[in-house]
Structure formats: structure tokens, C-alpha cells
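In the two complexes that follow, chain A is the common piece, with chain B as its partner first and chain C second.
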Partner chain A sequence: MTVSQPNPAAEGALPPPRAERGVIGWLRFNLFKDWRSSLLTVVAAIAVVFALFYGLRWIFVQADWGVVAELGGRIAIGNYNTVDSCASQNCFWRPQAVLIGFVLILGMAWGVAGKGMTRNIAIGAATVISLFAFLPYSWEEMGMDVRLLLAANLPALGVGWLLARYTPLSTYLRISLLAVAWFVVSMVLLRGITGAPGLQPVSVNNWGGFMVNLILAVGGIALSLPIGILLALGRRSRSPVVRLRIPLGNLRKLKLSLPIVKWLCIAFIELFRGVPLLALLFLSQYLLPLALPEGFFLTRIPLLRTAIVITLFSAAYMAENVRGGIQGLHPGQAEAARALGLSGIRTIRLITLPQALRNVIPAIVGQFISLFKDTTLVYIIGVLEVVEIGRSFIQGNIQIWGGADKEYFIFVAAIFWIFTFGMSRISRRVEERLGSDSRARN
Partner chain B sequence: MKLIRRKDPESRSPLDEIADTRGEATEPSDEIIICRDIHKWFGDFHALRGITTTVRRSEVVVVFGPSGSGKSTFIRTINRLDEHQRGEIIVDGRTLSNDVRNIDAIRREVGMVFQSFNLFPHLTVLRNITLAPMKVRRLTGDQAEEAAMDLLVRVGIPEQAHKFPGELSGGQQQRVAIARALAMQPKIMLFDEPTSALDPEMIKEVLDVMREMAGTGMTMICVTHEMGFAREVADRMMMFDLGRIMEEGPPEQIFDDPQSERTKLFLSQIL
Partner chain C sequence: MAFEEQAQAIPFWRNTQVLRWTAQIVSGLAAVGLVTWLAIRMINAIQDRNVPVGFGFLSRSYGGPIGHHFLPYNPSTTAADTADSFLYSLLVAAGNTVVVSVIGVVLATILGTLIGVGRLSGNWLVSKLSLSYVEFFRNVPLLIQLFFWLTVILALPPVRSGIQIGDLFINNAGISFPWPSPTGVAPTVSWLVLAFLSLVAAYFVYRRRSRLEIRTGQPFYPIVSGCIAALILGATAWILVTAITNSVPFDITYPAPEGRFGRISGGATVPAALIVLLIGLVMYTAAFIAEIVRAGIQSVRKGQREAARSLGLNQFRSLRYVVFPQALRVIVPPLISQFLNLTKNSSLAVAIGYSDLLSVAKTMTQIGPALSIFILVMLIYLVISLAYSLIGNLYNRTTAIKGR
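== the complex of A and B ==
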């Protein structure tokens, strides 16, 4: 805006009243405006003090966090590295290599973004992960190799940053493609390859811990948005249309236009939205294998079936969010684009979707968060994801850890909260950035 | 306003001749838009009830009439934003049909300016203007930007090029919308009440741009109630009512000697 020019509106403009400025003014206006708000302020303050006192006392004095320490690495990777799943017990490095790869990519994102939130997240995450190397376990419980691989995350971040700065890997597109490629490589690495030295296969059924939740969430998020967009567009489409002409005797014909794609999309969306996720997961476990040919890969990997169900379930909701965004747009936007000679697909890609998605970022991120939390439901097929690994451990050692459920569940809740809070903060930033690009709308 | 064209069809300016020779070699006809008995229904509502008219190259036609009379629908059928259900429309030698390629080809030649501007709020002013030339006309970024800057100079707001539409006044936005349409180098410009959403002081700046455009020999169809503009610039005026053309003729006839009672009544109400 034209800041430097003298603003004619500034002449004769008065400063706001003194009472509403400064700390005192703020307090008076917001907390002690009249006797009712003063009373509420005092009551609320007392409640906060009590909650803080008892809460902090429980966390630091009364609670016994031994169960978290006892579970240790199993919270992160479940029974991945136990004798049952990895006979030689030298599979620990594979999840760690996956993690280092993602931290490297995070470093590259920081290199491209420069300052700001990306840098804070990158440095924060890498630092916390590296600090795990110094956990006060004995050398038997946590070997030098594990510690070194954890500590390697901080240098990995630096390497990523350097790569983004001094190699052609310096655009968001390339980094995103690299992240997708690394996700695929990670799956192979975690699964292992039969016959390859050092890559002994680890059955997907033995994957566990927070790793499973993150894999399901990342895969689900990355796929459910594009699928949801396609479903939303399909639901709004009028073509391809099957035209039927049914002759009704002398010269009269019944003409029918059947928008097949639209109907299929509506059926899909309503089906997946209308059934509880838990029911869908059960169906995928017990009904789907019966319907599939014997020996088909989907029948052998229950976790993959749940991953597909979670993704499609989320995509159905995503489709409705995106459709809401498209319908919220002024129809003149698409008209203007078409009037300029842009094709239908280009109009959607360049004009409709960018605006529609921006308008529904909160709903989309809400769905992402919901999906992330829903990944804990895969416990029903026996996968020891982060909640279940602790619950089953406590159940199995009820004499020793009988009362420790609350500590463990609060610990897991805190982990989920940190991740989801981060997601909502990122979405706020994305919204602000996109919003400031266009200020007022037409 | 030196560029204002003489309305007398006998004394045409050199600009008109240039504009005329630009037409397609295959269709040397002077008649750039031919409408024969167009009908359009919205559900049960009969919006256009048999429109038959012809627009010549470089002609400026002002369409006016009460709201709901089918004015906007009429010009929106010309670039098929609304589909007519009966009759025939021929634009620049092409008959409008359901063929998507045909429709896109016609839309490339027909620019449109809307009442609500319809600028793309997520793109800068410059990008608003260069988008279609780059994607549809396949200009390079540099070519398109150069052309866009020329157009912004022509509509008088080159300094706004890198702002977003939401940062501009209504009049500035509408001038960007005109520049955006002109960037496709259309042979015909359609204006759908371009000044109706503007404050009085901004109407003039938009009308000035339109006057200048008429002076360059552009074929224009304007739905507008700016009667001063119509009297000054229009070659022909059409009074719409109930989906029909009630009266058609040069501004002198419409203003000074209207033939239909409906036209007289309508003009007496708005003038």
C-alpha cells in the first residue's frame, strides 16, 4: 500500500482514548471492565491456579513414569526388533535409517524455506530426536549403535540444508518428489528383502509402535486429499454421460441421460461416510479376504487393508470438504475463466481449485488430524500401534505395572497432542500466507 | 476524446478500415454476429423469445431495458456462457454448437467484461492478464507480460501490476478486467453492465476506457444504462423487454423519436 504518501484521512484523526492503551488499559478493558467480569476473572484465576498446582504435582511428584521408560524403544517401533520378528535382532537400524532420511529431507525443506516456521520445526525436531541418544539407559539396554544413529539426525539435518543450498535439489517440487520416493523406499527397507544380506524380512504384522501410526497417517494424508479432490470433482460433474434412448412405440422415445461418474462418486462418498470406521475396518478384515482370490497380496497383509480403508474413509470426508469449497466460490470465477477461452480442466486447475482449497484449509487439516488419531483404531486387527503396545504390555505384566495405565495413556496423549497441535499451527500459517496474497475477495 | 468515432456510417475513420481488413479471409462478411430466432428457457421461464439481429464489424451496440428482460442472457448466449435452445448464432463465421472445440475457438475471439469484475483474487493483476494469453494463445511469459503492461498503460493503471485485485478500487478492478479481456486480442467485446457495481466517481474512468476502445474500431455489445455513453458512442441501440427486442435503432431515434410506447415509458423512468 502507499505508505509513504501523506494520508489525507490522517488529518484531524485523534488517538484512541487513553484508558484503552497500555498494560493497565488492557487489563481494565479485558479483565475488569465491570463487577461481573472482575468476578469471573478472579474465579477463573483461582481455578487455573488449583489446576496447575494439582496437575504439576501429579506430573512431577506423584506419577510413576517407569512404564514409559520400561517400554522405551517399543513405543516407537513396537516389537519390530524382537526375536519373533527379527531373529538376529539387528533390524533396529532400519526404522532409524528411515527417520534419518526424513530428517535429511526436512533439512532440505529448511534450506529452501530459509527462516520461519519450517526452520523452527526442523531444528526443534532434529534436536529432540538427537537428545534421545543421551537417555539414561544402561549400555545393555541401549547400545552405542542405537545412540549413534539417533545422534546422527542432527548432522543429517545440516547435510540436508547444505544439499538444498548447493545442489539442484532446491525446489519444493523436487523435495516433495524426493519425500514420496523416500516413503516408498522406507516401506521396502522396513519390510526387508528375502535373501538380501542384512535385510531380513520383517512381517508387516510385526510392525508396531508410533511408527505404524505415522506411516498410516502420512500415507493416508498424502493419498486422501487427491482422491478426495477427484471424488468432489466427480460428484459435481455432468459428464461422462450415458445417453439412453428407449423407443416407446410410435415415434416417441424416452430420452435418459445418466451421469454415471457422478452417481458412482456419490455412492462411494455416502457409503464410506455412512458407515462407522470401526465397522469398515472389521469388514476389511473378515469380509474382504473372503471376496478376494486366495493368495492375493491383500489377503496376506491386514495392515495394508486397514491403510486402504482409513485412506478411503478420509477421502470421502475430504471430498465433501472440497466440494463445499468449490460451491462457496462465486460462479463468476469459472465463467470468467471459460469466457477467456480456458478449457474446463484448466479452469478447475488454475482458478477453481486453488481458491476452493484455500477456503477450506481448516476443514482439510481437521480431517488430517482426525485421520491421524484414527490410526490408533488399527489395534482391532492386532497391530501393536502406540496405544495398544502399552496397553497390552501393562495387561501382560499386571502384577508389576497394574496401575500404570494412566501414566502411559497421558504420555501417549501428549505425543499426539504435540503432533496435532503442530499440524494446526502449520495450517494457520499456510492460511495466513495464502490469505495475505489476496486480502479482500471479490 | 479525440478518438471518438463519428457515428455517421458514411464517414468511417481509417481505424475502422484497419479493423475491417483484420477479419478472417474465409469469411469476409461484414456481419460478425448473426442471430436468428434465438430462444432460451431457464426451467419453465422463457428468457429469450426469438431474438433476430445482426452486428457488423466495428459496430457499437448498446443493449438496455428493464431487469429480467433477457439483456444479459442475450449477450451470454453469444459466447455460450448460456446455451440457447432454439435458433442459430453465427459468430465470426462459426456456428455455435455443442462442439467444445468450436465453443473454445469462439471464446478466444470474444472478450467479456462482467458486472462483478470476476478477477481472479488469488493471482496478481499482471498474472490475471497474462494467464489466458499464455495458456490459450501460447505466448511466452515475456511476450504476455509486455503485452499486459501495454494494456495496463492503456487503461491507465500500470503501477498496480503487481498488486492483488482485492487491493484495488472497484473502478481499477474493472479496468483490469477490461485489460484481461483485451489481452486475448478479441474481435468482439461483450460488456455485461460493466459500471452497475461501481461508485459514481469510478463509472467515468471505466466509460473512458470503453470510449477509447470504441474509437479503435472494436466490435462492442454493451448492456448498460449509461445513456450519456450510449448517445455518444453507440451506433445502434436495442431496447429489450420480456425476452424480445422491443425497439432497435440509432441513438437519435431511440432518444428523440422512440417508436414504441414501452421504450418511451422506460426512458422516461431512467432519464
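== the complex of A and C ==
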């Protein structure tokens, strides 16, 4: 409270009146400034008290969270580990191995970044995952092996940290490459290899739960930014000009240019931005397979088509964000770079893009968040992602879990909220660190 | 000369002109080739399945169900020949999407502005409440929100034992309330035309008086006088039309339970799915609009408002004439893109069973050529998007800083 600090310039001056400092002063200033503010406060406070009373009573007393407990691991991996999809084997360890790998990489990121946000996220995530090992299920429902693999995430984090500290794997570039490689490996691991012991193939159509949302989001985020950048550059590209001299009467000069790349990019961006994602998903589900050859991998795996559609849809929006960033730059930047002798590609890579991207971080992260939220829409083509796995379960057992869909939706909303809110916080921190915070500059 | 020789000495694979032209032409050919290949394969595959290709189906009668519609629609279950055509059915569905989009946009803008202003309120509690609203609704997928609201609506009592408050009927089929219904072509249409003209006249009154207010600095109450003008003119037209045609233009009908199952008839009924869709879309989009409004108001420097106050404008007028016109420049472009998002998100109606453009089109593909229907649907969405962008750009042109 700066109000209660004595002013050194005015020695001997009286302190402010008691009603203007401390708690009372804060209350008067922030809640009861005048009659209008007081009225607002009272109305809002009554609303908050009622909402909290009924909300908390519902959450802790009336709501039946049994459906969440009943679904258990299926929320995370869907029907991946059921008899239908992974007969005569236990397949739960494969998603868990994937998770451990990513926690290991997170630990390496912490090792490189040192203190700060990365450390907090790494420790927080690993701790929460390890705590899942102590869920109060019976041993039949959740075996020792599952629990051990969950608890192994905390040591994995430490191993990652040590690797980053004491091995050459200590740069962001190497860790990023490792993460990409691990993503590919985990796809193979989850899919399985025919004939390999312990790696019985699990059809992609049986993947489900939050795992699918995360795979779609991570793949989409990793690919949509580069594609979006290419589209934005293509949209801003000028085409080469040919000057023709036509002997018509006097010698006439004709400038001919054919910006095909630019048109293609504009058409792509505007088409994908003008149409709802659901329409594109329907299209990819019902019409695209007709055009593709029989037995082609895209024809067989609906989830992959979905992933491509979501990525391209997001890339179109990303392209516009990046374009906004590039247009916000002063043209003098690129001109100076060219004058210094940088080639066109180097100008873009070293001068234009770093500044342009930094200026539109909030928009880019906003698009990532929106992509993550859009992954729920794949239920439309029958993928049992996290919302649909619960919904179909409740519909299938309507006698037992008839009214429990409210609870399930709130639970899933909370999961999504933690992830998306976390992403927006991270973006805010990155922005602050890069000093591109527009509010700070004003 | 030497320079020219050097220029000619560049091999063609390093000549930027040649490279760029090649890149352009190769990418163009590749794109055209890919699209043609896909299209030909698709059309062949469709023809192999003995499904008609092309747009000839549009004039045939459709006769499929459209659960709720704002435009009149005749599915004609008795004689299929008189049912409305595919084209008209698609337009009815598009009409639903447009109405949902317009109502949603208006409500979301109002709610979003309130919350955005609330975030800047000096009142700590109001500001924090607005912040929590934004952070919650913005970060949860719309699909989950829609499913949640659907469970809430379906938890209402059924039609037979619905809630009745006066003439308001609330049940899990929807909400019914009194509604003016047209009495005949002549009185209704002529009054509507006159009412529209009186609105135009009222706008001119508003414009003239606000100009006077700006020029003279004296209060001329432009909004109040505009509203009064509209009311007086509209009421006069009503009396005139009633006197001439011997019938009031609109008659208010009241909803009432009817028949053995207590089905509500009369008045207007908003079906449950539409309520869910609107609540979901409005609350979701309002969170984004609130952030846009907040950023817009914050983009106007404090000095502007202080200068306005010190020139003697009161609180309201300094907002209305100084802060808002400047904030709108920042607000309008992202706001339009939110309107577009709301329109596109309205396709999530498929999930909760409301008959919007996409869900009707999806039903239609069961008896019509899917490819043609999807091309039409995408065209309609593109047209709606273009219309919004056009309005936005026109408005933006009037508010943009002149001379830049």
C-alpha cells in the first residue's frame, strides 16, 4: 500500500486519514467509491455468494463424479487397451512410455533453461502425473505395473535434467530435434509393428481419449506454424516481371507478371478461413476417400485425414497472423538487410521473420489454443476423443449413468481449461521476456 | 559491354528471373494438376456408384425434414411432388444459419461490450468477475459448452408439466411466448413499409440533431429525439393503416397448451436446440469480444478523455464523442473476424441437433449428390463471410484515420 507510506519530502506532515489507508482505504477506493460503485458491489457480491454456495454445494455434495472414476484410464487413452483393439496383450505401457519420454524431454528443457517458468512447469507436470499412481483404485482395476510406470515420470524428469547438464544434449535445437524424433517414434510405438514381440499393432481407429486430442494438437501446432509462415510469405511474394516490347505502331512496352504463387496462397487461405472446420471435416470424411486410391494409407486412416484438415485449417489462420506481423514491420528493415548484402532468403530468415513473429506471439498462441480446442470436433467422424468417449459411454449405459453427463462435461472442461489457460500464461511470460509487450511499451 | 557479357554468362539455373518464373509455373501446374486429378477421380468414383453428378437435382423436390425454420418450408409428407425443391430447402437452412448468426452477433456484442467495460471498471469485484468470465469461457472448447447447456435444457420439465409464468411457457422443448402474428397481406406489408420509412426518417432526425449538438455545443438529445420520432411516425402509420384497411397490421397471439399431450400452440416457440446454440455461441464469443473491447478502450490514451472532460464534456459525452470513435478504429476489424467465427461456429449445431445449413446439408447428402451439395454449402458460407467482411470494410473506411 503506497498510500500508507510516509512521504519523506514532507517531514512532520500528518498521515492520511484512517479511512483512506490500509484495508478500509482499499475497500473505500475499490469497492465503495460512490453510491453507484457500492450498489454494483452489493449486487455482484450477492450474486457471487449465491453462485459459490450453489456451485460448491453441487460440486461437493450433489454431483455424482462416479462416471469419471468409472471411465478412469479410458479418459486418457480411450479404448486403446481393450480386448478388441489390443487382443491377448497388455498395451497400456505404450502410451505410458510415450508420456515418460516426453517428461524426459521436459526435464532436459528444464536443464537447459535453468530456473523460472520452464522449471515450474516441468516439476509441476511430472509431480501431478506421478501422483496419479496413488489413485484410490483397487489393485484389480489399476495394477502395480500401471502405477509404477506413472510414478516413473518423476525420476524420468531427473534423468532428463541430468542428461541436459552432463551430456552434449544441452542446446534447445538438439532437444527440439529430439522431441520431433520422439513424436515420430511414439506414433510408431502407439501404432505397433506387425510381428514384433510386445508391439502388436493397434489400429489407429481404436486410439481415443485425451491422447488423441494431444496428438492432434501437438502435431497440428508443430506443423501449422511453418506451413502458415510459408503461406504468408507466398501471399506476400511478388512475381518476376517480364518486360515485353511489342512492335505495334510505336514500340510499346508491356509489363507482364503472373503471380501464380500469390493467387494460390490467397485462394487456399481464403477458402480454409471462409468455411467452418466441421464442413471441411465432413468433406475429408465422406468425399476425399472417393478421390484417393483404394488401400492408400490416407483412405484407411480417418484420423490422419482429420489431422491434415485441422493442421491446414489452422495454418490458414496462422498465415494471416504472420502476414499481420510482417506488414507491421517497417519496410526499411528488409531494405537495410538487402543493402547490407543479405540474400532474399536470409533477409526473411534473419531480419523479417524474427521481428514479425515476435510481434504477433499473442495471436499465434491464440491460434494454438483454438487449434487445441478444435480437436474436440473430430468426434464428428467417429473418433472417440475425450468428450466423445465419455458421451458414448454414458449413452451406452443410460440406465446407470443417465444424468451424469453434466459432471463429465464439467470435468473435461476443467482439463481443457488447465491446458489452455496454461498456454496463454506461458505466451504472456514469453512476451514479457522478449519485451514485445505492447502494454509495457505504451 | 563487359557488364553485359557478364550478365549473359550467368547460367540459366542461377538466373533469378528464370528460377522465379519456373517456380511460379511449376507450382501453378502442380496445384492445377492435383486438383484436377482429385476432381476427376472423385467424379469417376461417384459415377461408379450410380449417383448423379452435377446440379440438376436442385430443382427436384426434397421433402426431407428441417426441424426448425424461419422461412416458410413445406416438406409435404403426403405428396412428394409438391414438396419444396432442394435449392429452396438449402436456402431455408441457410436462412436459419443467417438468423442464428445475426441474433448471436447482436447479443454477443452487447454482452461482450458489457464485460469488456466491466473489466476496466474501477470496482474491484466487477473487474475480477469479468476477468473470470473471460478466462473461463474463452478457454473451454465450445463443443463442451454446448453439450453442457444441452444437458441443462433437457433437465427442464417435459412439455406436459412445463413451467408457466404468465404467458411464458418453459419446458424441455423450448420457450414459448406471445408474439405478434400478421393479420393479412395488405395491412401487414403496408405497415411494415411505413414503419421502415419512419425508421429512416428517425435516423435523419438523429443525424441532424447530433450535428447541431456538435456544432453548437448545446444539448439536442439526438438519441432520445430519434426514438420519439420513430415511435410517433410508427404509431401514426399504424393508426392510418388500421383506419384504411379496417384491420390492425399485427395481432398478438398467446401460447396455450393444446390437445392431449399439452403441446404448446400459438405465440412463438424458440426450440430448445436453438436456445442451447444461442446461449453457447453468445457466451463463448462474448468472452473474445470483451477482450477486443477492453483492448480498444485501453488503446485510447488517457489524455484524450481528460482533455474532453476539461473542455466541459460530461462523462457520457466524452465517452461518446471522444473515446469511443477512437476506440472503434481498433475494435472493428477484430470484431468482424469474431462475427465470422460465430457464424462458422454455428455449424456446431450439428452436434446438438439444430437444423442449420451444415446439418440440413448433411441430411440431404443421403438422397442427393454429396459433392454438389458440399460445394454449394461452402459457397454459401463463403458468401456469408464475404458479406460480413464487406460491411466491416465499409464501416472501417468511415472510421479509419483520414489521410493515411
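Throughout what follows, the second predicted complex is superposed on the first by the 388 of 442 C-alpha atoms of A that agree within 3 Å, B and C clash if a C-alpha of one lies under 4 Å from a C-alpha of the other, contacts with A are read in each partner's own complex, and residues count from 1 in each chain.
We adopt the following convention: a contact is a pair of C-beta atoms (placed from the backbone, for glycine too) under 8 Å apart; a residue touches a chain by one contact, two chains touch by 3 or more.
No experiment lies behind these values; they were computed from the predicted model shown.
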{"item": "Contacts of A:S203 with chain B and chain C, given as first, second, both or neither", "value": "neither"}
{"item": "First, second, both or neither for A:L278, with chain B first and chain C second", "value": "second"}
{"item": "Chain B versus chain C, judged by how many residues of chain A each one touches", "value": "C"}
{"item": "First (chain B), second (chain C), both or neither touched by A:L290", "value": "second"}
{"item": "Which superposed partner A:W417 touches (first chain B, second chain C, both, neither)", "value": "second"}
{"item": "Partner chain(s) touched by A:P354 [first = chain B, second = chain C, both, neither]", "value": "first"}
{"item": "On chain A, positions contacted by chain B and by chain C", "value": "439"}
{"item": "Footprint of chain B on chain A - complex, ascending", "value": "1, 330, 332-333, 335-344, 346, 350-351, 354-355, 358, 434, 437-442"}
{"item": "Footprint of chain C on chain A - complex, ascending", "value": "30-31, 33, 37, 40-41, 44-45, 48, 239-240, 242, 258-261, 264, 270-271, 273-279, 282-283, 286-288, 290-293, 369, 373-374, 376-377, 379-380, 387, 391, 403, 405-406, 409-410, 412-413, 416-417, 420-421, 424, 439"}
{"item": "Residues on chain C engaged by chain A in the complex (per definition of touch)", "value": "16-17, 20-21, 23-25, 27-28, 31, 37-39, 41-42, 45-46, 121-126, 129, 135-136, 138-145, 147-148, 151-152, 155, 298, 344-348, 350-351, 358, 362, 365, 370-371, 374, 377-378, 381-382, 385-386"}
{"item": "Contact set on chain B toward chain A in their complex", "value": "79, 81, 100, 104, 107-108, 110-112, 114, 116-122, 131-132, 135-136, 164-167, 173, 177, 180-181, 184"}
